[in-house]
Each structure stands twice: as structure tokens, then as C-alpha cells.
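Structure incoming, see below.
Order of writing sets the labels: A, B and C. Residues in every chain begin at 1.
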């Protein structure tokens, strides 16, 4: 479904993403891990359109993603969340979803909105101002809800669990597990917690200094000596 | 023909000196507060009219008006700063509108006090010609160009060597980090406003000494100063000097080769050109889009 | 639609009571018409600010271009006035097309770039003598026609025209604001990336708001030129067409739709009737002071402030 071919992103002198290639199938949940600064968010930005890659290709269901302007990628079926939640200011939670649905799919279906609100546990907060009246867990849930409203084929989650305490984390993880089965989306998820990744993902891709150093089943990947070195050697985990 | 162009370049450069002073004041404030003071040109205008008053009332060379101009303009700048700091929300936009309003007050205040007549210095010495080879200029132009260069040199020294100057630079580049290092941003804001006022005062007296002034000129000056900051790009002081000289020369060439009516047009067109072709200005730090 | 009864009463007053009671008083009618002209620009300005998120200091550009296009079309090409007015709006829209590149600029850069354009258009109007009549301008610009025996060029006729134009603007603004585009536009102010990532073509929407604002202002400029029958660059591109609408919008509350209109009528009438008598030359000073006071004390405008006060009083009792 999604295929990256030798994708590179260069910022001035820094090679943030260096000839990375991998693919994601329609029903897969793939984890994207690596130490801080490995280029994971940059990769997300390249796929969703916030950053222009220096070279390489991104194919989505065969179509060349790089030809499409940013706002069209949602229509193509690529949805993403932001690591630091970015709710639409001045709008209520429901309005956030309405905008996402209206512009991400071209039509409005209030029933689907209610469904998504229920699924992400936001029904009781639906009429609240998204930017001012939500707690962190709810903001993160809203990120997922917004992306879901665009009816994506691929959902990219950027550290959606970061900053949550144990209870919130567990609830979120249950939701993420449901996500895959309920909405039939492929998922690409950036997370730091190895246990989460192992439980959720079919496959894991590991980045270090912008390069792909591993790609396989979680158990195998986390036993790979190079992967272990990148985490302990680099100093962050 | 070549002589005409050389003369135009020369005059343009001399004029650019004063423009640089005005633009630097604007850029300094923008650097520390991230706001554009739309009333800045009117501060310059105020100084110019003070020079006129001093000359016409006391009969002395307007250069002697500088101390009074400094006092009045710096106080006015402080007043503007005080008003700006009263704004709580939507700082960028509200400050624009606020300073726009202040500009209207100042322009009309000048109109009320001094009427709409055009003025320029009557000092013979200032208007006397200085001939350098085939190039001609007035004493005033040359004098104030030297003054501008000295002031800019002083400003450069101050920004790179003195504690307060370096504090200003620190706040401009990273406000929070500066705070963590014990720098009081408010103090640096006040200082940069005061320095902007100082530069404006000199520029105003200069303007009166070799050019004509009228109440509507304040607004024009703000626009020119802004054009120069765009030409220069963000965070570049030498860039402001180059931008100012560029504007001065462009205007001068337009007057010589085309007509004086198109003078303003030339500046505007230059501005738009740079905006489209080099959005980061000639010297601005390149910023990533998105 | 909410407040149906208030709307009906308002329309009745505007279309019925005012012409009947004040129609014979040319002076008062002139004031009202002028204030509605300012109100139209104020509304267009507020639309660009609220929906497009762009503060402009150069709306005089659209006003002037609209006026010139309409005047020239009627004078030199014999186009009927009503059509020319619309084409004036189209001309202003055209002027905004050349401003598209500055859309990506932030706050002050956009505001002043637009101002630069205003200056440029003014100078073009002054220098392009063969077409625009140069600094001397154009005179004997055709008036509004007589329609079914009713002279639209009369004070009452002109009043009804500008009133209708402005009300159409209000309806259009309301429609935009309550549509999904309005939602997306409001979201774009602080979170543009969040909207783009879900499929909003933010650049296009912003451009559309610029076009609409320009078109509206152009139509108002065109109306004005046929109302006063004469035009010259200093007048058409005068800074007052920038300052007055801004003061009006801020005073009346630029976040509401009717605020700029009410602000325009109030501010203009007070300025002409009171300030002008206090300080004949330079009365704009008070306008500037008003603007400064409003921005500091109540940037949302006077009306929201009053509404809040009355709500507090009610709550107290």
C-alpha cells in the first residue's frame, strides 16, 4: 500500500533521512522506532507533505505521493497525528471532526462523526472548545479522531502515547488495538516504548541517524545487536 | 550621461545614510519585541519639526536642535513603548493597529501645531555646496552622512561589545534563553526603543537639514524604513545599511533618469521585487518553509 | 435565522423609516450615505481579517481601482452604471490577483505589502494620464440612472442603493462564516498545518477571502464614484479609506458581522458632526486617539464591551 524508495531528506548540511526504503501492506501495523533525532518525525513529515524530500520516491497504492500537494494527501488516504497535539483552535471537538471529514472525504456524515467520538471516548467533550478545554489524553484522542474522520487507508501516529500516565496509556493502547480491526486501516506508529511496539505491531522498522538499520518482526528486531547498540550507544531510549 | 549617473549614485548613497538610521531603529525594535512600530516615521518627523522650530525661533543652525530632539523623541518613544506593553492579546496584530493609530495622532498633531506648510532649513552653511571632483553635494548631506556612519559604527560596537547591546541581541534571537541567563527582556525592550528614538532624532534633524518636510512625510518614512528592513532580511544589521543605500540610490536614479514623481514608485517596486524573488531579503537567514 | 424579529424591525427602519423621515434632509442623508460607504469597506476589511486572518493597511487600493475601472468604463465605453459597478468590483479582484504572492507573508509583512500596492496603484493612476485623466482626474462621471421613474441618483435613491449593497455583503459574510469553509478558515488562523493535514486547501481559501474582500471594496468604490460624479487619484487612494474603516471596525467590534457597520455609522457621524467642529483641520487626531484607546481597552470593540457590562449588571441583580 505504502512504499518508500530510497527516500532522503536533507536540511542544509544535515541528512535527516538517508535513503530509507520500506513498505507497508494494507492490513499491517508497522512500528517506527529509533533514538531521538533518528529522523522518524521527518519521515512522517515527508509522507504527509509538510517537508519536501530531497530525493527518492513515495508510492501510495501505486500513485506518486510527491506529486500531490499537502492538502490532497488526506484525500489520497494518508492521515497523521502530531506529536504535540494540534487541535483546530476556536473550534469545538465536533467541529474539528466536521472539518476533517468534510475536507478529507468531500462529504459530511454526522453518524460517522458520532461513531468516531464514541470510539475515541470524546462524546462527552464533543461541544467543548478543542484548544482550551481538553486534557492531554483527550487532546491526543482528538488527534486520532481527526485523522479517522478523513477515512484514511494509512494512519500515521506520532508518539501518541508520550506524556500519558499508565492508566491513560493502557486505555489508549486498547483503543489502538481496536483501531486496526474496526477501521481497517494500515498503521504506521512511532513510539519509544518497546513493550507497546511489541504488543501492537506486526513489523518494526528501526532508524538511526536517518538510516534504516532493521526491518522485521518485533522480537527479532529488538534482539538485533545493531539495534541494541543504537539505543544504548547513542545514549537515549 | 555617465556624470549624471555618478552624481545620482553619490547623492543616493548620502541619502541612504539617513535612511539607514531610520531603518535600524525599526529593525532594532522588531528584533527585540517582534513588533513593527508603524509610528516610527512620525518620530523622525517630530525631530525634523523640532529642528525647524529651533532654527526659526532661535535663528541658529538646526544642528543645535539635536539635544532637544533627542529628549523629545526618546520620551515619545518611551510613551509608545508604554502603550504597546498595555496590549495583552494578539500582540502582533494589535500592536500594528495601535502604532498605526499613534502614527495618525502624531501626524495630525504635527499638522495642528505646525500647519501643512513645507519647510526646509534656511541655513546657508548647510546648503552650501561641497564639490568632490565632478560630484556635488550640500554640506548638510555630507555632514549627516558622516554622522550616520559614526552612529552606525557606534551601534555596531555597542551591539557587539557592551553588556546591554549584547543583551539586546540575545533577546532578539532567543527570548526565553535570555531570560534564563538573567537578562530582563523588558529592560532590553526599553533600551532598544530608546536607541531607536536616538537614531530617529538624528535622522529627523538630518532630513530637515537637506530635504523638505511636511506632515504627511512621517507615514512615507515608516514605509521606506519597512521596505529597507525587508530588503535587508531579518537579523542583519549590515544588511540594513546595504538596503538603505540601495533604496537611496534607486530613488536617486529614478529622479535623474525618469521623473521625481516616480520616485516613490521605484522604491515600492524594488520592495515587491525583493519580496517575490528573495523573500528572505538580501542578507536574511534562510528559513525553512513549513 | 436567529433574532428574526429584530432583523425585520431593522430592515423596516432602514428601508422605510429613515427615507421617509430624513429623506428630505440632504445633509443628513449625505452623512448616512458616506458612513455606509465606510461601513461597506469596514465590513470587507473585517471579513479579510476574521476569515482570512490577514490585516490589511491597503484597502484603499481596492477602493480606488474599483472607482477608476467603473468610472472609465462608463465614461469612455458607455457601459451602463450598474454593470460598471460590478465590473469595478471585478477590477479590484484583478488588483488582488497581483497581490497573491504576498499571501504567504505573515502579519506586518502582509499589511505593509498591501500598503505598498496601494501606493503603486495611486501613482499609476496619477501618471497614466491618457486613461485615468492623470492628477486632474475624471469629472462628470455618470450618475445613477432613473429606474421606473425613481431617480437612483437622488439622495434617497443612492442611500437605498448603498444600503442594499452593504446588506448583500452582510448576507454573503454570514453565509461564508456559517459554512464549512468558515469553520476551516477560523481554524487556519492558529493551526494551519492541522487543517492542511486533513485536506483543507488553506492557500486557496485565504486567496478566496482576499478576492471577496477586494471585490466588495471595489464595488463600494465604484458606487462612490457614481455618487459623487468625480474622481482623482488623491481622493480615490486616500489614506482615509484605510483609516476610517479600521477605526470603524475596531470600534464596532471587528469580530462580529454587524459591528463594523454600526461602528462606521457611529464613528463617521460623530467625526463629522462633533470632532470636525472641535478641530477643523486635524480632527483625525481624535480618530487616532479613539483607535489607540479601543485597542488597549477593548480590542473586541465597544459593543461587546457594553454587552458584557449589561450582562454583569443583570447577573448582579
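Methods note: a contact is a pair of C-beta atoms (placed from the backbone, for glycine too) under 8 Å apart; a residue touches a chain by one contact, two chains touch by 3 or more.
All values derive from a computational prediction rather than experimental measurement.
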| item | value |
| --- | --- |
| Central chain of the complex, centres being mean CA coordinates | C |
| Centroid comparison with subunit A (C-alpha atoms), farthest chain | B |
| Cα-centroid distance, subunit B relative to subunit C, in whole angstrom | 32 |
| Where subunit A and subunit B are represented by their mean Cα positions, the distance between them in whole Å | 49 |
| Interchain centroid distance [CA atoms averaged], subunit A/subunit C, Å | 45 |
| Where subunit C touches two or more other chains at once, by residue number | 193 |
| Shared-contact residues (touching 2 or more other chains) in subunit B | 290 |
| Residues within subunit A bordering two or more other chains | 50 |
| In the complex with subunit C, residue positions of subunit B that touch it | 35-36, 83, 86-87, 89-90, 92-94, 96-98, 100-105, 108-109, 111-112, 116, 219, 223, 226-227, 230, 261-262, 264-265, 268-269, 271-272, 275-276, 279, 290 |
| List of subunit C residues in touch with subunit B within their complex | 49, 55, 57, 101-102, 105, 107-109, 111-113, 115-117, 119-120, 123-124, 126-127, 193, 239, 243, 246-247, 250, 279, 281-285, 287-292, 295-296, 299 |
| Subunit C residues within the subunit A interface of the complex | 180, 183-184, 186-187, 189-191, 193-202 |
| Contact set on subunit A toward subunit C in their complex | 48-50, 69-75, 79-80, 82, 86-91, 95-96, 98-100, 102-105, 108, 131, 146-147, 149-150 |
